Amino acid sequence: MLTVNSFGIIGGDKRQLCCARAIADDGYGVYLAGFEECPAGCELADIGKAAELSDALILPMPVSRSPGLLFAPFSAQELPLSVLREYIAPDKPVFCGINGAATDAELEGLRIMRYSSRDEYAAANAVPTAEGAIEIAMREYEGTLNGAECLVAGYGNIGRVLSSMLRGLGASVTVAARKYKDRALISAAGMKDADIYDLSGHYDLIFNTVPAMIFDARTLAHCAASAIVIDLASMPGGTDDSAARRMNIPVIHALSLPGKAAPRSAGRIIKNAVYNIIREEEL
Amino acid sequence: MLTVNSFGIIGGDKRQLCCARAIADDGYGVYLAGFEECPAGCELADIGKAAELSDALILPMPVSRSPGLLFAPFSAQELPLSVLREYIAPDKPVFCGINGAATDAELEGLRIMRYSSRDEYAAANAVPTAEGAIEIAMREYEGTLNGAECLVAGYGNIGRVLSSMLRGLGASVTVAARKYKDRALISAAGMKDADIYDLSGHYDLIFNTVPAMIFDARTLAHCAASAIVIDLASMPGGTDDSAARRMNIPVIHALSLPGKAAPRSAGRIIKNAVYNIIREEEL
Amino acid sequence: MLTVNSFGIIGGDKRQLCCARAIADDGYGVYLAGFEECPAGCELADIGKAAELSDALILPMPVSRSPGLLFAPFSAQELPLSVLREYIAPDKPVFCGINGAATDAELEGLRIMRYSSRDEYAAANAVPTAEGAIEIAMREYEGTLNGAECLVAGYGNIGRVLSSMLRGLGASVTVAARKYKDRALISAAGMKDADIYDLSGHYDLIFNTVPAMIFDARTLAHCAASAIVIDLASMPGGTDDSAARRMNIPVIHALSLPGKAAPRSAGRIIKNAVYNIIREEEL
Amino acid sequence: MLTVNSFGIIGGDKRQLCCARAIADDGYGVYLAGFEECPAGCELADIGKAAELSDALILPMPVSRSPGLLFAPFSAQELPLSVLREYIAPDKPVFCGINGAATDAELEGLRIMRYSSRDEYAAANAVPTAEGAIEIAMREYEGTLNGAECLVAGYGNIGRVLSSMLRGLGASVTVAARKYKDRALISAAGMKDADIYDLSGHYDLIFNTVPAMIFDARTLAHCAASAIVIDLASMPGGTDDSAARRMNIPVIHALSLPGKAAPRSAGRIIKNAVYNIIREEEL
């Protein structure tokens, strides 16, 4: 059905390797640039060859982590972003994540399509994020999650998946949200709901998923005195770190969990989002 | 905090009675018109007195079921809609559900606020709706839901709550949705996902929540040969009834479940939505 | 693998009909006596012919409900128990449930094997029993089970399956047990545990599974003031009915739920237990 | 109610420290020997003083890990088992775990009561064991447990708690058991059941809880080709390690998980078992 029959995967970490393998397993040709080792079914190439031989390209998530350079931690040599426009034809689809340290100018002229801005990409990544958060909680907390008092702040994709997993482990789960609708759905899911602007109580573990200052000094004092805080919101997170330090409350900022906790799943999620774009755009 | 201290509840069924009792339990004054019996803590009145003595009024869901008349099944005499405007002052808040058989003209001049259009009202009602559907399934299906192959079409509020309850009973649950995002969340919730436009397989029970023709003849033939279909979508529902009849597939159209299956919960849901309006509008 | 290739099913209700159909679906010959209608793949016969043509016989659960007569509610004429010994060869395996109103003497000389005394029979029947109890609760209770305070007394097969299903519906579940071990497992399953001899609290629904006087007047007063009691224990049950009547607490004695709530499942459970006996006894 | 008002806790690891703190939190006097640091509410002592001042003593789990010595990893100096009998009066209750490297002779003359042989101790420890196993699986497996094909061998305490938690995370769970009854309960819990002597299929993660050779070469070949095996059974476990090595199947033997994964819970479990003995024995 797709007329895209081969993919060039340029740069990225373990996720992109897993993505490459998953695409190759579906029977497509896969050229890998920016890696020194190569999964079965794929072929190592330099950027030029990968760009030439492939019907579409996949750049990493994020595209860059240091100014001017492609994010390519497994590459023996640095890959300047500038080579992309040199080698990639302007009509070739280039699937990529967020820019990170790359500028729009550096990607200008490429036919960019963002897998990272798709709804199903965010929803699917809630799973490895939630599991990563649970793994951290299991490692850091001296009790069991089963029976622990857990507070999840936020009921978006991550809050929803995480709270349901915690309940599945037998934790006592409260979810804090702002909207009345979410609070009704939290209660329908068999959990306690709370007003995110009026938190109190005693919690063993607090998971924040909201990118806003939810856990300020006052709130920490009201609900976190003997808690561990695991903050999943993108920096600067939703916790007043210096207040937490004063109160001796441990705060763990956990970011980019999908790639770390479950690169295989994270790679498949990229693959699925890319396939969905191809289907929708009839590439 | 509220300056509304007394409520007149005019017309309605068991739900409104339960709503009245729940409001009285919170300490407010409650005047009931359109009923012959009265829960403890409330007072029977005629419409005029209820309108005069109360700070706010609550009309039923729906406001009317026959042209010109208030929906008041427990009233000994018919209550014409026209009396509302006669007795109710134009600045008095009137909380109500959808119009039903009432016209906008019949409510003109009243300060109408719809509890039924609030997001949390719809979300909360998913619970009694889902339980009502499960009760029907238990009554009609000769096997146990535990271990049964169940298909839920649609992943809105009702689909979400219903599928999670079925899984909680140990059914084997597939949820059909259109959006990729919903399909990712279905899978994250530990259930099988399916494309709502391409259904097949063998199911014992099929629950439709989508108000569109999902189960046409072709789809029924592909997945419903030995199924019972419970259609929760508002009329005409999402099933080709005559095709189902030809194929000998039982179809049950189940509507207005909250009031039937769990009037106490349905009454509390109305109460909560009314309180939320009062809070937001600072009445 | 089995050398039993045909079954005579003599007497019984809808369960035995479903059992017959399930056995026929597995490819075995099935002769039905004590019925007027016959599922596809089976053959109607009189007792003599069924006994002669079959390698093994299946009697109902219970064998009898009135002295001297086989339990055969679907038979046009009464079937005296005495004919069994007349027609059935002493070496032919006769699978049956509990005696009920039949005496041991009436079955003497037959090669009786009880499917009803097998552990997996009791365990599997916990499922239709639990669902039957939930169906009753949904019908009788005016609120939703989701969010309701539920107490389950006893943590045997039924208590275990029922409590887990209630939790799966989003109820707030407390399970009362005697043994410390069970209380640890209840808590591990994410539910509140309670001492069965020291019950208190406020419950909306109480399910008793223990065949002993758990809910005496004092206990009812302490935890059941506004509850509905559903007593699943075999008569006389575990509730002081007259005390409950005095306190205006509704008590529902629900017995033989599998055959009523889910005859298809109940029939398969009999089939499986019979097959397991055949396998173990190498019949 | 208890006449035991003070406890001497002699030796042990983090679990015993947590146990000490939990007992002190209940208001009892606690003397700690074999530790260099001391939680708030407890008092450091030498063995003699702890034995003299306490109404009952608690020894670690296991009592010893090297011949002749008490298990006391936090003690600056070695504690010979022989001193126990020197200092402890023969009528003083001594609660302890399994002997480990200690001989019965070394404990002779002491009034030994084993918290580790109580049913609720084993049941409660299934929780930290299951969570420890899940933490390992999350760390080692490159995908998410959500959606992974998981096989749990055995349906005792650990198998039961572990399988339910895996299902709660959204894994696809099969449980293998021997008894028909367990298989019925597995299916009632919404999971797939399998015959533990006839395993096949494709699994991502295999958890063994059975202390018998379940995963021999033939079985590994049939179901573990691309799996990670986490063996929770006490040594030598239930896996043919050399066969697994030949087939390139990673096997992780995970033992004593409660103390490692969740010392706080493990300490409370010891405390509860001790209290239950005191209550039952009316000490």
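Letters A, B, C and D mark the chains as written, and numbering starts fresh at 1 in each.
Everything that follows uses one rule, which is that a residue touches a chain if its C-beta (ideal position, glycine included) is under 8 Å from a C-beta of that chain, and two chains touch if they have at least 3 such contacts.
The model shown is predicted, which means the values in this text are computed figures rather than measured ones.
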Partner chains shared by chain A and chain B (touch criterion as defined above): C, D
Longest centre-to-centre distance from chain D, chain (CA-based): B
Chain A-chain C separation of Cα centroids, rounded to whole Å: 50
Inter-centroid spacing, chain D versus chain A (mean Cα positions, whole Å): 35
Overlap residues in chain B, where contacts from two or more other chains coincide: 127, 146-147, 161, 164, 167, 169-170, 187-189
Residues on chain B engaged by chain C in the complex (per definition of touch): 14, 18, 127-128, 130-131, 134-135, 138-139, 141-147, 161, 164-165, 167-170, 261-265
Residues of chain A defined as touching chain B within the complex: 118-120, 122-124, 126-127, 157, 160-161, 164, 179-185, 187-189, 272, 276
List of chain B residues in touch with chain D within their complex: 146-147, 167, 169-171, 187-190
